[in-house]
Amino acid sequence: MSRKVFYGSDTFGIKDYRFFQMNSLSFNEASYVAEYRVLYGDTDTMGQAYYANYLKWFEIGRAELFRKGGFSYREVEEKGIYLPVIEAFCKYHEPAVYDDIILIASKFTLERRIRLRFDYEIYKKNNLTSLVATGYTIHVCLNRQKRPVRPPAFLLEGLQRASEE
Amino acid sequence: MSRKVFYGSDTFGIKDYRFFQMNSLSFNEASYVAEYRVLYGDTDTMGQAYYANYLKWFEIGRAELFRKGGFSYREVEEKGIYLPVIEAFCKYHEPAVYDDIILIASKFTLERRIRLRFDYEIYKKNNLTSLVATGYTIHVCLNRQKRPVRPPAFLLEGLQRASEE
Amino acid sequence: MSRKVFYGSDTFGIKDYRFFQMNSLSFNEASYVAEYRVLYGDTDTMGQAYYANYLKWFEIGRAELFRKGGFSYREVEEKGIYLPVIEAFCKYHEPAVYDDIILIASKFTLERRIRLRFDYEIYKKNNLTSLVATGYTIHVCLNRQKRPVRPPAFLLEGLQRASEE
Amino acid sequence: MSRKVFYGSDTFGIKDYRFFQMNSLSFNEASYVAEYRVLYGDTDTMGQAYYANYLKWFEIGRAELFRKGGFSYREVEEKGIYLPVIEAFCKYHEPAVYDDIILIASKFTLERRIRLRFDYEIYKKNNLTSLVATGYTIHVCLNRQKRPVRPPAFLLEGLQRASEE
């Protein structure tokens, strides 16, 4: 089965849209991909990116997925909706090192009606068969009083639209 | 069943040893506990600790468990053994905020002979029934050539000793 | 001339008070000293602490100076006073590496009636003649509306008291 | 006097070259400008970017200046030249907040034959009259044995070329 990733142009600099094949990976549908260049400050004594930074990169992927859905996460908060993380997982496959450009592919799914789940895959841009990390984060919706609420319709529609095209 | 955590004195400042009861938590055995005060720079716009920082705190817990086992992780690397993370998971229960003192309880187990697993629980020091986060990290052993090797005996013995008392 | 630093017990773990001599350094008066152990995540590919982290450590020193003055910075914010940084400087003398315990000495001075200036010196605990870094930060006072205000009396008195003993 | 900044296309996404006028700022010569979007994890409880992160952003500006000069800093290290920071300064003008796109303008000058000085200016992309921060870092050259050496010719020529156009 062919597995395609739709690489969209974004604020982090991917210049053109393209499809390409990916085998043995979970992203078999169109998804959004952001780009980031690993800083010296992201690395550690082992000469690799420190493991906590991958969660920051997941944030980049997530933020760009929101934007593709028609609004930034900043705008979501301005509407009084907060999306704290309740769970995060990362599997480290191949280390990213200083100055690598990584691509962060993100996908959204709604779980049990109230949990927003984002799945991520990180690749090296100069070698797209090189899987750096996979993982996910799970979020819930809080209102301004920090009480749990159902995810509002605009949010779900935007994120689902972003994940489908 | 009574669940006890053994809080040991450590370099981060816990002054005295004590036992206390913890219900409904997984740490039902003696374990090691480190301490950390949440920095302003650890927090985010939501007024809480940013989710990636919890993995840094897991590192603190892990490092102190090594030390309790008789050697620092720095000494492990000096012997030519590296322990990169291959998996990390964190469940966020109650947010830590600026200036909170958190306690990081850590436990070691060996999985499938080659995977070093560390489980963590984070509490607020001023309210030990307040569970902040739980999680784990899984590590493998590499030698100086960055090839996978069996965990050396000194490492396993030290970590097991640290987890038992 | 004898130059003394007053090392106070603090939440980061210094166990006992002591005076000691320091030559050729600027801290010739009693000051407060906090302690921190360098994390793996603080280091970079060069095997040293990444330069931005020193500003985090300045925050630790500053926070403990506040506490010595009778209130935490959290309490200052709860009173509606915010102290954003307007200037930061750091001179890097000798690199801190993974697992080093560093001591952060801090001193307060008021400049031009409205600028709070904190000077810092960072040492290695296991070698107090080893100066790691020196620097300063300058802060102003804002109220809840984020308007500049004169530093309130309780703040100045506390910080001056903390710097004098 | 007209003050021009030359905005170059870069990997962080600036699409096209352009000149524009800047009054009252120090960058009156062509310089290089990189782009970065402020992460949630970069902010703090005050709802602004935490002050230490600006030094990370200086790193981005510096790295792109190297690249414009014909080589990445990674390549410099591969040639056995290391450029640790010996001094860093930042003046904070207007806070950057979550999701802001900032532009980091960088300029190189050689000081006293051996000190590499980089000056930085950070703006908000959506309001180029909004100066966020200014600052500098000073670096020296070390060889593989971590001994101070004169900056090699290729380095100086590249950085000067990058700063001139």
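By letter and in written order, the chains are A, B, C and D; residue numbering begins at 1 in each of them.
One rule holds in what follows: contacts are C-beta pairs under 8 Å (C-beta built on N, C-alpha and C of every residue); 3 or more make two chains touch, one makes a residue touch a chain.
Just so we're clear, the structure is a prediction, and the values are computed from it rather than from any experiment.
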Consider the two chain pairs A-D and A-C; indicate the one with the greater count of contacting C-beta pairs.
-> A-D
Do subunit B and subunit C face each other with the same patch, meaning over half of the contact numbers show up on both, or with different patches?
-> same
Note: subunit C sits from subunit A at a C-alpha centroid distance in Å of 37
For subunit A and subunit D, what's the span in angstrom between their mean Cα positions?
-> 27
Residues within subunit C bordering two or more other chains | 40-41, 45-46, 51-52, 55-56, 59, 98
For subunit B, which residues are in contact with subunit D within the complex?
-> 40-41, 43-47, 50-52, 97-98
Residue set of subunit D touching subunit C in the complex reads 45-46, 48, 51-53, 55-56, 59, 77, 82, 84-92, 95, 137
Could you pull out which subunit D residues touch subunit A in their complex?
-> 10-13, 37, 39-41, 55-56, 59-60, 63, 72-74, 98-99, 101
